[in-house]
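Shared between the two complexes below is chain A, which pairs with chain B and chain C, respectively.
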Partner chain A sequence: MAYLSTIDFFENRSFLDRWKAAMKGDLDLSWMNAATEQVECRPQNPRRGLTFRDLDVGSYGYTELPEIVRKNRTFAPRGAELVDGLPDLQPEVSRKSEVWAYNIEGYYEEAMTRQWNAATDIAWHDLAKYDVPDDVNRAFAQLCTFLSEVEMIATDVPAKWVGKLSADFFEVKNFVATQAMDEARHAEVFRKRALASGVGLMKASPQNEWSLKQLRDADSFAEMSVGLHLAGEGFVLTLFRFSELISPTDVDKKMFRLVMQDEARHVGYGMQHLKWVIDHFPEKREMIHAHLDEVENMIFGGGYATEVTESFIILSGKGLKKENIEQGVRITAQFQLKQIEEYFERLDKCGLTERRRMSKLANAMELTKAMLAEMGIAA
Partner chain B sequence: MTVRFPSVEFFTALQARMREAADRFRRLGYFDTTFAVKVRDGGERVFLLRFEVFDCVDVREVESLAGASVDFTLEGRFEAWREMLDDIRAHGHADANHSINTLTHFGEKIRVVYDDPDGHDKLYRFVESIQEFFDLAAGIEIDYGEARGETGSEYFSSTKGAP
Partner chain C sequence: MSFYLEKDYFADEELFNLVNQVMAGNLTLHWLDAKTERVRAVPRDTQRGLTYDDTNVGSYGYDAIAETLRDKYTMAPRGSEIWGRLPDLGYTINRKSDVWADDVARLYEEAKSRRWAPAVDVPWDALAAAKLPREIEAAVAQLSTTLEEIALVGLEMPSRWVCVINQEFLEMKSFLCAQMIDQARHLEAFRKRALIGGQGLKRASVAAEQALKEILFAETYPAASLSLNLMLGSGLLTLYRFLAAIAPSAVERRIFSFAMQDKARHVAYGMGHMRYHLARQPNQAAVLAEYLDRTEHCLLGVLAAPELVEAMVLIAGRPERVARFFERAVEEYLERCERIGFAQRGRRSRLRPTLRDVLAA
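Up next, the complex of A and B:
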């Protein structure tokens, strides 16, 4: 245990006297005069229910939250009276700009209403209706294995950061907690799909695991968010959409539609966070570019994961015959370019329009387009 | 009752069915987006659909999207939309080849047009709600204008019902 109580309550006279007095009805009641605002929040839209936006009032609200939280270094919920004796929890993130996003409260409420259940919202029984060829089935199982790995680390990363944020960033902490839950459900659904396929899990993916480790070991929330929310999940969002396209069954289509909803929400947070940073702290651009340099290197290195690329080729070509492979290569190449193009579109929208000319990944995209053109494949 | 596609009446019929299936859409969660459906056949017909909380709160036809605030537009030829709707009616829902994501992914049959990638991503944030909204067409008798010998170019040459 990293922290042990400095008081042995079983042997502490003053504590025991106070406890016995309370249990005999001698109440203190000083807490009833807490120096806090008395409010009565109501839903602005009854159909939407009582949302965080409805609670954005006075000292409880987030609109007036300062850039640097100096006062509350405890677990005290924002707006509660801070009294002597609260512990200094040494939150690692006390700057609003490191975590805040436009519409953060909206993303949280959306996440809460759009939760789903991997056990019951997927028609698992219907899988038996489909006669999927063995090579396609194995490729799909490999894809699910890879996605189980990805989503497991995508659970670990936000979960790791929740407790490091100041308690005053309540809406962000809650959103990040929903993200961890979403990703845990994704790891669950891909594991279940692989084990329901008649194949089981396939091979772990070393290059992808190194990339995922880079996300896990980020030194700051800002570095993590650029890597995870914007780049990692942005690429995975396009991948989920592509996977829906090439899924062999209606059951899988629904699975990918449900996971892409969650992923798109996380990407939305990532974009709105980056926009917040650029709008409020333009001097951080250089630091963001440095983070993106590393992230893009990681993404490009994902090309080493042949077990993933080859699965996509087989799934999109619908088999292993020569004509299937040719078709699969063409479709997979288009998908990979789409991933990169959408990543740069998002950065443009966040205000990082200069990224395209600075980025080695943008160069790689142009080279890939030229290579495909030589092969007679239109990008 | 038979309703013409594309028309305000068609999308209003989907809106009414969505209200009848309120529990299903409530289960899917908040659904906050405004998007356009553009159907081309010689001319074009453009419809705006606005969703809020759990409902479709507005359906209207517009002459063009100039000045309209939409997250994205689903744009395709009449034949592509018809193929999707016929598939939904045949199976009770879109089959593996006719889901909105599949039809739009590479934009071969129906394209997603957008200015803002954040708006584009809303298609995916709410994709299951959008899919289930279109799947409600399974219960609608659709008139494509063939019985009256009405050609696409005639029907599409003028925007009907636009404010």
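Up next, the complex of A and C:
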């Protein structure tokens, strides 16, 4: 057994006696005088209802949550009275700056109110109205295969950390739970879209599988988040925006608008988390840079995943003819450069302004621009 | 990092040439003739939309998943063409009957369609309009404190397992994600209920937490699911129903009605999973029965935690009503056990005699 309660509840006399007494109406009631703060929280904005921000008061709030959690190593809710005998959950992350983000409570509440349903919120029946050319249909099925493949890494990886975080960081745990659900829905919607296309799924993407493995194996929550939320999901967010543009049907445009909403929230968390780290845990800066070196290598290596780039080219150019491909390459080049540009803009906004100077990816972006210009593709 | 990519791609000439080739319009198109099944899934029931049940077709379907997965350790979508050199993503649960339930895809679909948001779907104003008597409010605050502790464990359990479960079991992993968000919602609702009432949170429960830690740290997924989804889940389902019935205000009534709906789904999965598991691994019945012998005391540790029992007695007004709740909780749990294949659980379990002893005193 991995853990045995310090109390055997079938045998413990004091536990059983107290239960018996309570069932006779003989109550101890010592908990009534728990040494906790008395508060009466109210919704500040009735339209938003009672939010976690409304609960940010005194010892219950996150504003007063100390940088290092020294006392609560249990399941006890933040602000509850702690008593002797509570178990140690062995949290591995007890420093707020490892996990916290500005507006974490807002991201969580937003996620809760913007849940959608891939089964019913997409007009699946309308797909039959569109006559999509076979090449485009297959390219779209390939894009959906790739997206279905990569989405759930953003469930598995943060979920792995939930049990390692101090219970005092429950807003982060709750946010991760919403993200897990978002990603499950994304894997679902892209899978269903491929299977509703008349094509089915296409090829898996080995290069991207190696990337997923790298995202999984970050050393700390902060590094994991920079790789996953900011870089990985940031690139996917730009991909979703372009995918909406090049989608073959209005059904697909709606699908991308919905997933974009979720993805933007995850990227938002990643940015606000990195900003928090930079502001409150400055000694992490060098580690983040070292991690970004690896993350950027992973991103650049994505060039091997031609099944993704090429499906994007065909969708952008709307076919396989020479003129379609030329048009597709132009749009895809713009899209790829936009992905990288937005990535650096995000890092700038988080306060990591020196990243461009240090980055091989930034260098590669400039070379790519020059190369595309030479090839006659405006960049 | 415990894993680094094999190459420095920035110095990889092969990659540079490939990208140049593609961007010059010379596509490889190696993927265009993927050797996969061509299907067109359509919603069978327009009201329900396109469900996982509708995509349960051919090589893509969950019916086609093998009992043991020996050569699939990646996130490649089930039914896609697998090619090239792929990594091992470290899954340690690769046997279908260790996690599957016949109705898991349906339960996932249900979870999405029954979503709620505590911030806006609970009539919080009702409490401002009519405050509860001080003693009752204290009891609700204590109850909410303990239920928040329990909900956190409900969130942590699926989080611990989802990343080690093979991606082939997509629908099941998706159900775990739904379970995570359900539990996050419960944690939120109970915390908000405590903090809106004027008394704040009360005391953390040693008994409940010790029991919860034993449940959370189960060594295998089947054991974890049995103790959390079926044993504790069954107890909590009865508890939420009881609390909805005795709720002192519309706020608690609404919260417990919603929570009941979610918990019923977790219990349904727990039962379906155990049925599936025992049907394919009948030898596990003895192992898990022995696990229940050792772990059932935790059900009492949670439900009979002094902080919870005393709060319930105050809210219910009479201990006899709480006694009936305990009888119902134990009977419903044992009945579920017997229904899924733990024959004689009722005779073997120490729950009934212990409860009889407590109530007879």
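Quick notes on this structure:
The criterion applied here is as follows: the second predicted complex is superposed on the first by the 353 of 379 C-alpha atoms of A that agree within 3 Å, B and C clash if a C-alpha of one lies under 4 Å from a C-alpha of the other, contacts with A are read in each partner's own complex, and residues count from 1 in each chain.
Basically, a contact is a pair of C-beta atoms (placed from the backbone, for glycine too) under 8 Å apart; a residue touches a chain by one contact, two chains touch by 3 or more.
Just so you know, these numbers come straight off a predicted model, no measurement behind them.
Using the contact criterion defined above for the overlaid structures, shared-chain residue A:Thr113 touches chain B and also reaches chain C. Within the superposed three-chain model, A:Arg48 lies in touch with chain B and with chain C [touch as defined at top].
After overlaying the two complexes on the shared chain, residue contacts for A:Leu239 are found with neither chain B nor chain C. Between chain B and chain C, C touches the greater number of residues of chain A.
Look at A:Lys173: by the touch rule set out above, it reaches chain C but stays clear of chain B. With both structures placed on the common chain, the touch criterion links A:Leu228 to neither chain B nor chain C. In the superposition on chain A, contact of A:Glu263 is made with chain B only, not with chain C. Looking at chain A, you'll find residues 48, 109, 112-113, 115 touch chain B in one structure and chain C in the other.
Within the complex formed with chain A, the chain B residues making contact are 28-30, 32, 53-55, 95-96, 99, 101-102, 105-106, 116-118, 120-122, 124-128, 131. Residues of chain A that touch chain B in their complex: 45, 47-48, 109-110, 112-115, 237, 240-242, 244-245, 247-250, 253-254, 256-258, 260-261, 263-265, 267-268, 271-272, 331, 334, 338, 342, 345-346, 348-349.
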